[in-house]
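Residue numbering begins at 1 within each chain, and the chains themselves are lettered A, B and C in the order written.
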Amino acid sequence: MAALQPASVDDLSTALRDSTGVVSTRGAGTRSRWGGLGATPDVVIDLAAMNHVVEHAVGDLVVTVEAGVLLDDLQRCVGEHGQWLALDPPIGGTIGGLLATADSGPRRLRFGTPRDLLIGVTVVLADGTVARSGGKVVKNVAGYDLGKLFTGSYGTLGVIATATFRLHPVLPARRVVSVESDTPWPAVREVLRSPATPTAIDYDGIRLHVLIESSESAVDAQADAVAALIGGTVTSDHPGGIGSRPDRTADSMVVKLTFRLSALDEVVAAVREEAGHVPLQAHAGSGVLWAALPCDGALLDRLRHLTASYDGAAVVVDAPDEAKRSLDLWGPVRGLDLMRRIKAEFDPDNRMCPGRFVGGI
Amino acid sequence: MASDPVADGGAFDAHHPPSQALIDDCVHCGFCLPTCPTYLLWGEEMDSPRGRIYLMNAGLDGEPLDDTMVRHFDQCLGCMACLTACPSGVQYDRLIEATRSQVERRHPRTRRQRALRTLVFNLFPYPRRLRAVRPLLRTYQRSGVQRLVRRLNLPPAMASMERLLPPLTPPVPVAEHRPAEGEQRARVGMLLGCVQREFFSAVNAATMRVLAAEGCEVVAPSLQGCCGALSLHMGRETEAIAFAKRLIETFESLAVDAIIVNAAGCGSSMKDYGWVLRDEPGWAERAAAFSSKVRDVTEWLVDLGPAAPRNPLQLSIAYHDACHLGHAQRVREQPRQLLRDIPDLQLREIAEAEICCGSAGVYNLLQPETARELGARKAVNVAATGAEALVTANPGCLMQIATALEEQGTPMPLWHTVQLLDASIRGVPRPER
Amino acid sequence: MADLSAPLAAIATAAADKLGPDAVVTERAALRTYECDGLAAYRCIPGLVVLPRTTAEVAFVVRRCHELGVPFVARGSGTGLSGGALPVETGVLIVMTRMTGIKEISVDDERAVVEPGVVNLNITRAVSGDGYLYAPDPSSQQVCSIGGNVAENSGGAHCLKYGFTAHHVTGLEVVMPDGSIERFGGLAADPPGYDVVGAFVGSEGTLGVVTEVTVRLLRRPETVQTLLAAFRSMDDAGTAVSAIVAAGILPSAVEMMDDLSIAAAEAAVRCGYPDGAGAVLIVELDGPSAEVQADLAAVERMCSDAGAFELRVAVDEAERVAVWKGRKSAFAAMGRISPDYIVQDGVVPRTSLPEVLRDIAALSAETGIRVANVFHAGDGNLHPLVLFDESKGETDRAESVSRRILDLCIDHGGSITGEHGVGHDKKKHMGRMFSEVDLDVMQRVRCAFDPAGLCNPGKVFPTPRLCGERPGRKSGVHPLQAAGVAEIF
């Protein structure tokens, strides 16, 4: 198995073009266990040397980085100008890994997920072809949006070499309104319908936390209003309840459940019923819930059936190897046939991370 | 683009074709589509103002005036909602008028179409003929014959006419002259109309009373004839010109400050006489002078300012903008203001207010199916307001919506704006029929 | 029907039978009314027009087209500005204006499921009683359809803060180019697999026909403040915008109009913008009251500091509508100050705006062709309106100016289209923004969806790609080129 460490897009192109066999991509390794087991790679492309911030256009709130840049480093860099990339997954990792898995954190409520912030991308395909899509400006509808296609593709279409994002101004002041609850949906609903514009609403299984971020002069008014609405207490700390995702253990799997917003309590109740008080984290205003569950195929099926009835899904993001071998990690996938055709167009020789993704892709 | 507006074999001849310059004002933006009743019903480009303008342009370019083209022009209601919506200021009213004239002159109609038009245009613009058939129609309604006839399968136009006929009541006398009450503020002429005069004389009576109560001396010569609106809107140019001239002659010798009109369609045409008579030698100034005095009754009353005290009317009403008042004359605020000035009267707005009820002159006779659909749509929206009664300013609308409401099973009283004012001024709880 | 080719006649007969005769249009005069969309410069009479009412009907027509190798184009309200709905002469135009049902609204889930012919503004109207709205608001929103919005990834003045259609669509039902029906995404977030919805939005009708759209609904903000600021020059206005951005304020919209556009808007809708303004800025802020009030004070200060000679804050909804009226009618109003005009759509990085505007002014002076500027100052999306008089032979010069403005956009690292799409109009410019390889790779997506190349052919890409081709090697003439349906630029 060859390990290659390209230092530039051209290097990367050469590396892919001149190699044969199965390819796997590596950033900081923080999400390398996500998805299917995948075929053993013949070539590992390590992006550690492609870790430069290419351009930060401060006045335009746009940044272009190589995919090996660590999210934390990017934030530090643009933070010097009071800006940030509005993504807060609990795992840092590289930009490439973040995009490949489309990971996100609590603030997706307000700012979206990686595909909503990506405005341009350079990718390299298995045969070394380098292609760009999008650009450096936020408003751009020229051509197809390959960036969206590659985001969340688990490396199966090619390697993301550089990415351009739109940035947001940092919101300086922060308050958290917290309330204990077993059935948080009514409170969540109240907050969503209220004039408040929280950046996150997270539920950790015990407490509901509403994150208000704004200017110093305006933050308290909102926080107080929300507190009055849901009967919560206001702190200015950033408690562990926001942003901490359950970890996989030796005998549990991390499952991501998605569902229509109003089904929150039903999904929480189902998780409780199936697995007791396991660690969970729900982005309550986004219809997303992460839980660490026992590796039980029947349990997974039942939860999958439930979330499907709420138009959602249940995906096993990480699990022990044997579980990955025996479980259906992704569940039913709408449009799978088309996805196979897309894969065939981009990677006809099936070199890129085979077996990591849906339907054996 | 045609530099010569009349191409060989093309749809239009050289006598007042739709103007290329006006057509070129259209930038194809489509803002007119959502307000066009036929587009709302069918979703087809050729039955939208944008599409009809496109057809006119194609006609100027040499496309023939075939049945297809004529059908789409005929299906236009002439409601002028597009006029209100258009950001480029396209004068669609001029375009459709010119087009209809061309169609009337150049496109052969079927025998049935001709028969219907002959019947309509030999009856409706002639108050005396309407008066003559009144007693026959009354008998028809009050005897059992109407019930029998309604069970028959009449041809659509006849069925439509039959349905729309309002319940006829004994005519209310309207004097030729009425002095002002209290201090005289103006002397006005009043149009009596044709259908209004013979089928809705109560509205004319109420109009006169209200004008008098507001200090106007009112002159309503009995000899007056039709204003020609129906003819003008249907492209019957010669007829329209003749009616216009006679009406101008009737009123210009009366030395009035204004000529008051209580029917939306009539007022709209009368304000346009300058254009109608533009080719007639010696008439331009007379027409302009006449038109400058034409006012809708609600416009006039708001301009004058209320003098007679208003008594409360415990009533909730929905106000329907007749197209030729709201779109063509842009008179929307004045009736509402007058109604709001009546204490205790609750005014409710109708959803899809800008969409025509389907009356559109005699559209409901010539295109009865489409008119029926639009009437039904309007009836749903009217009933949804929960109002006890409907108020509108055009006899055509009144008949159309009354019929539709009845067919929907939600009948309600329908009155003209001026009838409510009359009731309020006289201190009676409801307008009289 | 005597004029129809055999395949088209077959489709017409089948469609009349299955959809009803009132769903099929074959008369020449009627077909002509469909020969262009909002960009009347390009016209092509469709071979046939059908107006389906259901997904099944759409699938039926597309399947027949696929079986017979007949190209097809989908059309919504026909207000697009890049010729995306320009028909194909030998093909079928599928008009979606009868699919106007709002199938489901769930305010709790913040979702609505609608048919593609639903007018954009009608979605907001349907939920405004609950205090919600659908965010993307193109200026044509009273007439444009959501299906068209999906095709073009439409934005609107408020996309600065709220994003475009792609950010507000979570699910699609699509009739694929072979006539099969697929669903992607839905009411919930993050559907497993590739982000097909993301790839489809903005694909300009080339990957399939949308028959159902699931959209996100947003809570109406507590407070909206709209400020109209009048400046003597565009430079001053630009300075104010930079200051706003640098202060970390994110307005929901920042629009700028120059003196020519102000004049046109005034003539059209009498918006009453301040006299003597070389430029006006419309800044809208929305959100929780306290935030908005603080931001408004800051914005007013920055505008004054940059030289604004008049500031007006709308006191109620009626005044707000009045402020926006001028901006929203700007394009259509051009007809009042010029017999002809080209609406251009380009993007430059916001920081390059002052320089680009100066370059445009210089271009205008050099050629004697007036250019009115209306644009989204917050994100650098320009809409230069190139004014000319065809009867004075100014067309070529105007088109040259329009092209050179796009050059400026590309030279400054921007885009050839911010909102209106590539369609037919800008195919020829794609090669200046993307390399041949870039375009080839993008078209692989198209091959996955539409290997037969029948779905809205001849749009977006200057050179059609033969599916199944190896990259880099082109073999022979593409059949669509041979058929005269597509061209190489």
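Heads up, the rule we're going with is that contacts are C-beta pairs under 8 Å (C-beta built on N, C-alpha and C of every residue); 3 or more make two chains touch, one makes a residue touch a chain.
What you see is a predicted model; the values in this text were computed from it and never measured.
Arrangement of the chains shown, judged by which pairs touch: a linear chain-to-chain path with two open ends. With centres defined by CA atoms alone, the chain at the far end from chain B is A. Of all chains present, the one whose mean CA position sits nearest the global mean of protein CA atoms is C. Each chain gets a centre from the mean of its Cα atoms; for chain B and chain C, those two points are 39 Å apart. Mean C-alpha position of chain A lies 62 Å from that of chain B. We define each chain's centre as the mean of its Cα atoms; on that basis chain A and chain C are separated by 29 Å. For chain C, the set of residues that touch two or more other chains is empty.
Shared interface positions of chain B, defined as residues touching 2 or more other chains, are absent.
The part of chain C that touches chain A in the complex is made up of residues 106, 108-111, 131, 152-153, 155, 159, 163-164, 166-167, 176, 182-196, 198-199, 201-203, 219, 221-223, 242, 245-246, 248-250, 287-291, 294, 347-351, 376, 379-381, 413-422, 426, 430, 433-435, 437-442, 444-449, 460, 471. By the touch rule above, chain C contacts chain B in their complex via residues 25, 27-30, 32-34, 36, 38, 40, 51, 77-79, 95, 97-98, 100, 117, 119, 140, 142-144, 268-269, 329, 331-336, 339, 390. On the side of chain B, the complex with chain C involves touching residues 1, 24-25, 27-31, 33-34, 42-46, 50-51, 54-55, 58, 63, 66, 68-69, 72, 86-89. Contact residues of chain A toward chain C in the complex are 57, 59-62, 82, 102, 112-113, 115-116, 123, 125, 127, 129-133, 135-146, 148-149, 151-153, 157, 168-170, 189, 192-193, 195-197, 214-215, 217-218, 221-222, 256, 258-262, 286-288, 307, 310-313, 315, 330-331, 333-336, 338-339, 341-342, 344-346, 357-359.
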